[in-house]
Structures are given as C-alpha cells and as structure tokens.
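Two complexes follow with chain A in common, the first pairing it with chain B and the second with chain C.
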Partner chain A sequence: MKSPASNLQYVFSPKSVCIVGASHEPSKIGHAILRNFLQAGFKGQIYPVNPHSSEILGMRCYASVQDVPSPFECAIIAIPAEAAVQALLECAKKGAKAAVVISGGFSEVGNKKLEEKLVQTAKKYSIALIGPNCMGSLCISSQTDSVFLPTYKLGRPKKGEIAFISQSGAIGGCILDLASRYGIGISKFVSFGNASVIDESDLLQYLAGDEETKTIVLYLEGVKDGKKFLQIASEITPQKPIIALKAGVSASGTVAVASHTGSLAGSAAAYKAAFAQAGIIEAHTLDDLFDLPKIFMLPRTNGKRIAVLTNGGGNGVLAADAIEYHNLQLASLSSQTTSALKSFLPTYANAKNPLDIIGDADAARYEKSLQLLLADKNVDAVLVILLFQTPALDSSVTGIIAKAAQGCAKPIVCVSTGGEYTEAQRRQLDSMGVPTYSSPSSAIRALSKLIEYCERNCP
Partner chain B sequence: MKSPASNLQYVFSPKSVCIVGASHEPSKIGHAILRNFLQAGFKGQIYPVNPHSSEILGMRCYASVQDVPSPFECAIIAIPAEAAVQALLECAKKGAKAAVVISGGFSEVGNKKLEEKLVQTAKKYSIALIGPNCMGSLCISSQTDSVFLPTYKLGRPKKGEIAFISQSGAIGGCILDLASRYGIGISKFVSFGNASVIDESDLLQYLAGDEETKTIVLYLEGVKDGKKFLQIASEITPQKPIIALKAGVSASGTVAVASHTGSLAGSAAAYKAAFAQAGIIEAHTLDDLFDLPKIFMLPRTNGKRIAVLTNGGGNGVLAADAIEYHNLQLASLSSQTTSALKSFLPTYANAKNPLDIIGDADAARYEKSLQLLLADKNVDAVLVILLFQTPALDSSVTGIIAKAAQGCAKPIVCVSTGGEYTEAQRRQLDSMGVPTYSSPSSAIRALSKLIEYCERNCP
Partner chain C sequence: MASKVISDFSLLQKNRINCAPFKLAKTEDATALAAKKLGFPVVLKIVSPDIPHKTDRGAVLLNLQNEQEVRAGYKKVLQNAKGARIQGVLVQKMAAAGIEVIIGGKRDAQFGQLIMFGMGGIFVEVYKDVSWRVCPIDKSEAARMIREVKGYKVLAGVRGKPINEAALIDVLAKVSQLLIKKNPAELDLNPVIVHKDYCEVVDMRMVK
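Right after this comes the complex of A and B.
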C-alpha cells in the first residue's frame, strides 16, 4: 500500500478538484475557495459540491460527492467536522488521492476520536490529507489556491523559490500577505493545522524533491516525530536552507499551543539544540519569518568582509556596530578602490568603509561607488543604505542597484527607513530580487545568517 | 554673561529668523529651508539673505546680513564653512540669540580651528548655536522648520508629546518620516551635529522644562560631558522617560563616528551601565527609535499581567512566548470574565488567555471581548492582535479600539502584520494614539519597557 505522503503532488498539482462545501454566499469559506480557484486560473476540472445549489459562480454545482460525474484527484473539504469524515470517505471512493480538510472541530477541541476516523480513511485509501483545522494550500505554478481568505484581504505572492509550511493559518496569512506586498515570490504554501496524516516531515521531504523550491520556511507549534523530522531536515539543509520558527517554547506558550493545534510543544533549549544539529536556521519572531528567507535569494558567500555604502553617516555608524555585533567584518577597501573613489567623490566625503557618499549623492554617484565596491577583492558583500529623504536621490537608483545585482556573485542587501516614498522604493527593490530591510541591524542580521549557512554548507 | 543654553527658546520659538544662504534654486538647501518655513506657516518675520537675489519665493531678499532692516532672534546659516563664521558674527551684531548652523566643513573634516572661531562668537554673544554640520530643527507648535529636506521627501509629523534629539540628521530624518507616515505626533526635533556649543545635555535640560514634551528620544554618537549628561538625565527620567540609542559602540563604529560628527565614542558596556544608572531606556536599533517612544503615549502601569486578544491562534502562541521571554505574565482571567466571554463566544472558542476569538471574529466580537478584558481586575494591560486578512474583520475595529483606549487607565497595544490593507489600519490606529507593532514580540518588548519604567518611577 502506498503511503499518504507519496500522493502529496496531488495536493499541489491536481488535475481536478472537488470543493465540498462550495457556497454562493460570499461570506462563506466555501465561496472564497471556489472563487480563489477561479481567480488563480486553475486549468483543471473543478467540481463544487453543495446540496442547496445547482450553480455557483457560473459553475455547475453537485448535490453530493456521489453525484460528481467523474473521478477527481484532490478534495477540498470545508464543512462541519462530523460531515467532513463522511465526505472524505465519499471522495476516496471517487478516487481522490489528496484532501485538504479546512474544517475545524477535531483534536484541537478534544475530538480525538473524530480525527482518528479521518486518519483511518486517509490511510486506507493512501490519501495525502492536509489538516484538519487548516487554512488551505497554494501552488503558484499549478494555479492551485485552496486558501480560504479572499484575495482582496490577503494578497497572493508571485512565483518564486521560497516554500512556506505553516502549522498556523494565521501566521501563514501574515507572511503571504507581506510577500505579496513586497513582490517576494513563493513556490508553494501549505498550512497543515493538526497534521493528522501529513506532517511537517512529510512536507519537508516533498519539498526536498521539488525543483521549484530553493528555500524552505517553517512555522511549527509542535513536531510529530522528532527523530524523523531531524533526520529529514539534516538531509535537506546542505542543499536547501530551512528557516524555522518554533512557537510555544514558553510554559504559557505550550499551554496555548495545546488549545490551538493540539500539538505537544517542547522547551526552547531542546529545539535550539536540535535545530542547530540539523543545520536549521532558527527564526525567533514573526518578523524573522519574512526577513530571513529573502536573504537566500542572493548569491552564496562565506566571506565576512562587508562594505557599507550610504548617503547618511549615522546609518553607516549603526551598520558598523551591527557588523561587529554579528561577528562579521567591515571590509578594508583596497588602495585601488580608495583612489578610484577619491577621483570622483566630493572632497568632503571620506573614501573609507563605511563609505558615506554624503547627503547630496545622486543615483550616478551610488552607481559608480557600488561598482567599485563590488569589484574590490577585499569585499565579500555590500550593504547599500538609501536615505530617500534627500532631494538628490531619486527612484532611478533602485534600477541601478537591481542591475548591479544581476549576475553579480556578491550579495547586495539594502536598507531604507522612512515613510510612503521610501516604502514604495523598498517594494520596488524587493520585487527586483534585492532584499531590503528597515534598519542596518536587521539587514546585517539576515546577511549573517546567509554567511553562516554558507560557512557550513558551501565550503 | 548669559550662557548660550539659556537662549535655547530662540531656536524653537523665534519671533524672527534670518536665513543666510536662502536660494531661488529648488535643489539648494537654502531654498528648501525658506520654503519649509513658509509651508509650516511660520508667523514671525523671515529675512532671506543672498547677495545674488532680491526676491525669493515672493519674499524680499537682502544682499547681506548687515542689510537686514531689523534685529532678529534666530539665524539659520546654510553657506560654506568659512563664510559661515563671518555670517554668525554679523547675525550676532543684529541681535541674534540663537543660530542653527547647517554648514558642514568643521571639526568633522579636521577643521577644528574654524569651529573654534564659531564657538568663540557664540559664547561671546550668548548665542544658542545648534550645529555646525546639522540638519536643522523643528517645533510643531511654533511652526518653525529649519530642516533642509523638502516636505515631499520627508513628511513632517503632527503635534505630539515626543521630542527627538538626534546627533545625526539622517537618523533624525528616518524617524521623522516614519512618525509622519504613522501619524505619531512630536513636539520638537533637533539635529545637533557637531554639538560645538549646544550639546545633548543642554537640549535635555531645555526639554525637561518644556511643557509640550512628555517623552525624549536621543540618538547619540558621543557625549560631550559624561558627568553633566548623566546628572541631568537622572533628574529628568523620573518625570519624563528618555529613550537613547548610542551609536559607535563597536571598534569599527567608533572609527566611523570620528569621521561623521567628530565625537569620541565609548564602549557598549560603559554606556549600558551609565544609561541604567540614570534610568535611561536603552534603544539598540533604528527600529527601536520608532517602536519604543510611542509606547509612552499610553497610561502608566507597573502591573505585569497581560491579556492577549486575537483572531489567530498562532499569533496568540507567539505573544505568550514573548510575554514570558520579557518577564511579564499572562494574566489569569477572573471567573466572571470567563463566564461573560462564554456567554457570547462561539462554542469552538476557548475562553482562556491568550483569548483566541477565532478567525470569524468581527469588530463587535472584538469590542465585547476587549471590554471584558479591560474590566478584569486581574488584567493590567491588553495586547490586541488583529489579522485583517480574514473577511469578517473590517476597518471599524480600529475606531472601536481607539474608543476603548480613550480614558482607559490600562494600556492597549496592537499588533497587525500584513500588506497594504493592514498597513492602512495600523496607521489609523497609531494616529489615534494606539501604538501598533509588526509582531507580538516587538509589541511585548515595547510594553515591557513601559512597565519597567513604571516599576522604577511610578510606585
């Protein structure tokens, strides 16, 4: 008998889906899911099921799963818990190889027996079951979107190389929404809720073999099988970085986890040690889950010599402090670089690192300076700080930096802090593949994680 | 003879200003300053000085300071360093009691003698001199705006109770711009550059007596007179919180500081100890300079029992972890609160703390829950987490929270993470006096600083 996990491709790339609980009421989850499949441009067959409708959003709707005229590969189930168990069985009989059970009301509220029935059916029919008590999944390339939040509230990211596995739908929603806003691409997203059949380890294993995915992000409340998890993670991390946030590491957090996804939590120290052993990059906050993955879009380097380019001296000082704090080094610029910088910089600018090209710097001065820093053999990576508040600096600098980053073997990271104008420029840079941060310290911290990863895995 | 510092009111609230170096060229600093005074609606006399213009922006322009027909209180000097020294003397003779010297080219590039001449003149005439090598100052109530960055690039905040003293103009610009974007009010802003006459201690002393200012934020690269600074700060902190970021605490940061504002830096440990002794709240990052001050808009409490209200379980777990990490406590809700919550919450919601009112919570459910948490005698402060990605939660909840916060003796802090819709709601809340954060950890960290402050100062 095949294992449920062997059918995971039918969660992410099904040729046909049955939406059990599809609804014509816009406020219902089953309405949002159907609408999202249509909006995503899903190319396969969609079979909405609802006993009270014959048509929803222009689609033929079936009274029951039995009435669906053809077999289908994936079931999306968004009906009350009791009915969901029966629906899964009917879907199994229609040939479903995967199921995303949105419905809550199982082990997380004490209904372990009901959840066990779901598990039995899934195992019997080798169904890759996600959930129950989850928010759905997303695969950008296959235009599959069972996330039940409407697109006008939760933006969908573009196609990219980051996969995000989240036990909590809410956390997943926050990060997806941020990724969409900043133009950060993702490959796949899955909120796996109670992890009754498919757990975090199965998903990791699947993503290890997924060519679209280069970086994996995890939000965990508990780990089902610690040994299995660590073994699989250890195998993956040399090829693909895994960034993981373990929630419920405090005494009160552990209690909160139990009533959220019914998981068993563990101590912070135990997870820290286990993550380190498996080469997992530990995230500590919700902000980390957005800040850290995008640094891995950059070229790999294990060099620690950082050049800082700025049009504001104070931010250069903060960057120097952060570089030392994170055990990196402020690069010593070569004499050629220094001479070349002096040839065009104003006399009142110091041709040193941090390189403060002064408040009257325009995009052209940034371009020349950045090229020299990138060409310097003493420089492994460049932090570019942009104060868009100065009149001299216009938005053309974002294109210049993105162009310099293209095909460049050294990582370029940007920092820009400020209001509406700055926010727009940051989004532009992020969407062009240059990760941006709100402060020198957050940028340098992320960069230090990239370098640590490469020290371990890219000798 | 009066000390220069005794004339500081003429920096912030002059009845008349002379702008030396006013220009009709939009790209010039002297143009932006004149335009900003006009845009701010400055009610006093403005005397632009420029030998090459007879009129700028509709204002009569004078060829020299000597030609200005009346005495004036404050000089804004934005001409090259050599000429600035002479101009200051001429302004002194015209009765100037304060001067903001924007010009760079003094001790920060090694011209100590030139700076000394400036200092001599200021001391001789008791002129409260800000700078040189600074970005200007701002006083919202007196509509004084000598910040040389144009308003279309750097937003000006509304009137509020936070004063911001920044040695670096760039850092100041970032924070002002953020404050403007989020609707956080400030009382005064001053970038003090080389601190040749008026230093951080003088500014602290002035703000201690400023009724408009309730919280003081400092960005420092060096302290001129450590003993004086700590003595003044120690006197202020029991009444007004001081939040300070000391930059240049690393070896390389110290070097960077020397070529930025010519300050002498010091070790991180020494500053940490000194700040703690004086009751100064230490900021560690640029993000802190925006995140920490706004928590002090809230009512004071030294109670550590935090209630968490959320529509997403994962965020509640992260909040519980953060509360324990920052040595606060998850409040134990009273049995009355629990019963009252159970009376209207859906059966699938747990009436516990963190209180997850579930993804289908609307604004009304938030309102009832928040009122009960605020009324609970076991609760000292409430963290409200809002996932705006759910269809059920609309923007009316921001008004509900702001209303609950009005006149409430317990602090309310909000967390919301996401894209464009979320950002707009966060700005709304901040501008209504409810501080918002991007993650449970940053919110709880800020709240812990408020509580620590109150433990020390509000017994």
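Right after this comes the complex of A and C.
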C-alpha cells in the first residue's frame, strides 16, 4: 500500500479539486478558497460542494460530494469538524489522493478521537492529508491556492525558489503577506496545522525532491517525531539549506505551544541540539525568516574576505564592526585595484576598504568601483551600501547592481537604510534578485550564515 | 513515583569511561584498607539512594591525608547521613587539579537522549555556557560540541598548556553510548577533570 506522503504531489499540483464548504457568502472561508482558485488561474477542474447553493461565483455547485460527476484528485475541506470526517470518506470514495482539511475542532481542542477517525480514513485510502486545523497550501507554478485568506487582504508572492512550511496558519499568513510585499518569490507554501497525517518531516522530504525549491524555510512549534526529523533534515541540508524558527523556547512559550497545537514540545535545548546536528540554520525572529533565506539566492562561497562599498562613511564603519563581530574579514584590496580606483575617484576619497566613494557618488561611480572590487582576487564577497538620500544617487544604480550580480561568481549584498523612498529601492533590488537589507549588521549577519553554510557543505 | 538516583562508578568503568580510581567499602576497616591501596590523599563519599546532593548533607569529605583521618572521616560521614539508607562508603583517590568540565545527559520527550557538554564551575552556573546534541554522536560531532562553548579558549590553552582534546572527545562519545544503553531521565558527570594527557570523571549521579 502506498503511504499518504507518496501522494503529496496531489496537494501541490492536482488536476482537479473539490471544495467542500464552498460558499457564496464573501465572509466565509469557503468563499475565499473558491475565489482564490479562480483568481490564481487554476487550470484544472473545480467542483464546489454546498447543499444550499446551485451556483457560486459562476461555477456549478454540487449538493454533496457524492453528486460530483467525476473523480477528483484533491479535496479542500472547510466545514465543521464532525461533518469533515464524513466528507473525507466521501472524497476518498471519489478517488481523492490528497486533502487539505482547513477545519479546526480536533486534537488542538482535545478532540483526539475525531482526529483519529480522520487519520484512519486518510491512511486507509493513502490520502496525503494536510491539517486539520490549517490555513491551506499554495503552489505558484500550478496555480493551486487553498489559502483561505482573501487576496485583497493578503498578497500572494511571485514565483521563486523558496518554500515556506509553517505549523501555524497565522504566522504562515504573515510570511506570505510579507514575502509578497518584499517581492520575494516562493515556490510552495503550506500551513500544516495539527500534522495528523502529513508532518513536517514528510513535507521536508517532498521539498527535497522538488526541483522548483532551492531553499526551505520552516516555522515550527513542535515536531511530530524528533528522530525522523533529525534524520531527514540531516540528509537534506547539504543539498538545500533549511532555515528554521522554533517558537516556544522560553518557559511561558512552551506552555503556549502545548495549548496551541497540542504537540509535546520537547525542550528548547533539544531543538537547538537537533538544529546544530542537522546543519539547520536557526532563525530567532520573524525577520530572520526573510533576511536569511534570500541570501541563499546568491552564489556559494566559503571565502570570508568582504569588500564594503559605500557613499557614507558611518555605514562603512558599522559594516566593518559587523564583519569582525561575525568572524569575517575586511578584505585587503590589491594594489592593482587601489591604483585603478585612484584613477577616477575624487582626491578626497580614500581608495581602501571600506571603500567610501563619498556623498557625491553617482550611479556611474558605483558601477566602476563595484566592477573593480568584484575583479579583485583578494575579495570573496561585496557589501554595497546605498544612501539613496544623497542628491547624486538615483534609482538607476539598482539596475547597475542587478546587472553586475548576474552571472557573477561572488555574492553581492546591498544595504539601503531609511524611509519610504529608500524602502522602495530596497524592494526593487530584492525583486531583481539582489538581497537587500535595512542595516549593515543584518546584511553581514545573513552573509555570515551563507558562508557558514558553505564551510559545512561546499568545501 | 520517586525518581531513583544512582551514583555508581562501576557503571562508568564497565563502559570504559575513565574515572578517578575508587573502591566501595562497607566497614571502617575496609575503608581504611581501600584508602591505603588507592594511595593518599583520598575522598570519602556516602553511597545512599536517599542523599542525591551529598555535599549539602556533609556526606563528602575531601583530601584525607592518612589512615587516621580516614577512620575519623568514616565515622563522621556516617553520622551526617543518619536516617538514610546506606549502601556503603565510596573511597576515591583525590583527583589532581586540572580544568573542570561537566558532561550531562537528559531524556527528551521528542528526541530521546540528549548529551550536554559545558565548562565547569562558574561557566555553567552563571553563564550557562553549554552545548547540546541528540544521541548518538560520533567523534567529529563531539569535537564540534566542545568547540561550540565560549569557554573553549580555556581548554585550548589561553595561558596554560592545551589539554588532551582527543581524550575528552572519546569520553563524550562513550557517554553518548551509555546514555542510549541506559536511557536515564538524567545523567550528571560533574566534575570531569581534564588534564594535559588524560581526563577523569570525579563525581557522577544518574536519575533513572
């Protein structure tokens, strides 16, 4: 018999879906899910099910799962818990290979027996069941969107190479919304709730084999099976970085986790240990969940010699501090680079690292300097600090940096600190594939994680 | 159910984990004889399931220099342990001064046995300067554990000569095996004293 996990592809790229609990009422979850499938441009068959409607959003609606005229691959179930158990069985009989059970009211509120029924059905029919008590899943390439939050309230990210797995729906929602705002592309997203059938380790294993996914980000409150998690994660990290945030590491956080997902949390020390052993990059804050993954879009390097290019001295000093703090080195520029820099920099600029090309630097001066730094054999990576507040610097520099980064074997990381104008430039750079940060310290911290990863895995 | 505390050095010995030489004695004469055989100075420790924290009860006497002191010490530790179930007195050769580290273990609901390493004394008490791993660990993982703690510089030799890191790594790997075999709720090897050419466990307690 096939395992439920072997059918995970039907969660992410089904040819047909049945939405149990589809609704014509815009305030209902079942309405948002159907609308999202339509808006995402899902190419397969959609079968809405609701006993009280014959048509929703222009789609023919069926009174029950039994009334659906054809078999379907994936069921999205968004009805109360008791009815969800029966609906899953009916979907199984219609040939469903995957199910996303949004409904809550199971083990997380002590209703373990009801959840057990759901699990038994899923296992009997080898259904890859996500949830229950989850927020849905998303696959950009297959236009599958069962996330129950309406798109006008929660943006959907563009296509990219980062997969997000979240135990919590709320955190998952924030992640999606922020990724969309910062222009960070994702491959797949899944909120896995109670992990009753498909757990975090199954998802990791699936994503390990997913060609669209290059980096995996995980928000965890507890794992279902510690040993399995450690083993699977250890096998994946040499090929694909895993960045994980473990919530509930304090005494009060642990209690909160127990009542949230009902999972036995295990001690904070155990997670720290398992992360270290598996080579998982540990995130400490929500910000880390964006700051750290985007650095892995860059070429791999385990060289520690960093060149800093800036149009403001203070930021260069902060960068130098951060470089030392994170056990990296300020690169010593070669004499060729230094003399080439001197040939065009104003006499009041110092041709040394950190390279301050002065507040009157324009995009062209950035371009020439950046090219020289990238060509220097003593430089392993370049941090470009852009103070967009100066009159001479305009947004054309973003295109210049993105172009330099293309096909370049050395990582380029940017910093753009400030208000709205600056933030717009930061988003522009991020969306062009140049990881950009709001401070020298956050940029260097992320870069240090890339280098640490490469030291362990790319000797 | 009350947890069972065990202080059994033979368990370490069976698993080829080096500890300060010891003998278990049940009478005053046997204690004196054991001390002579081990060589002075020695330490006396009450072995009792009822006294998990021996120092607090005055059930440990350090640095006894001769037979006379050992005989007087025997009477004293027994007196201090009055009312507790006594399994005997552990006579242990007083360990030479070195760098103190601790090695611990803990059963975790999710990951099974965890192993901990830290620098002893103030480092662990105040700074909580420890590293953890999930068992089993191999020698390279043990080496990473040791290098992860901030106090590693002390081991690597800031002023004094560096210690025998290989011996410490070996002990960690063996303790990891012991933890898997016995699956205790907790294990404390504290202190483990590290020297230039060897390291030895000086005190241990295991909670079943």
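In the analysis below, the second predicted complex is superposed on the first by the 459 of 459 C-alpha atoms of A that agree within 3 Å, B and C clash if a C-alpha of one lies under 4 Å from a C-alpha of the other, contacts with A are read in each partner's own complex, and residues count from 1 in each chain.
One rule holds for everything that comes next: contacts are C-beta pairs under 8 Å (C-beta built on N, C-alpha and C of every residue); 3 or more make two chains touch, one makes a residue touch a chain.
Keep in mind that what you see is a predicted model, and the values were worked out from it rather than measured.
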{"item": "Between chain B and chain C, more extensive residue contact with chain A", "value": "B"}
{"item": "First (chain B), second (chain C), both or neither touched by A:D321", "value": "first"}
{"item": "First, second, both or neither for A:C174, with chain B first and chain C second", "value": "first"}
{"item": "Touching partner for A:G312 - first (chain B), second (chain C), both, neither", "value": "first"}
{"item": "Which of chain B and chain C A:K272 touches, first, second, both or neither", "value": "second"}
{"item": "Which superposed partner A:Q239 touches (first chain B, second chain C, both, neither)", "value": "neither"}
{"item": "Touching residues (chain side chain C, partner chain A) in the complex", "value": "106, 108-112, 114, 116, 131-134, 137, 141, 144, 148"}
{"item": "Chain C contact footprint on chain A (complex, rising order)", "value": "222-223, 225-227, 230, 264-267, 269-270, 272-274, 276-277"}
{"item": "Chain B to chain A touching residues, read off their complex", "value": "26-27, 32, 104-105, 109, 149-150, 152-155, 166-171, 173-175, 177-178, 180-181, 219, 221, 247-253, 255-257, 259-261, 284-287, 310-318, 320-321, 323-325, 330, 348, 350, 352, 354, 356, 359, 387-392, 417-423, 438-442"}
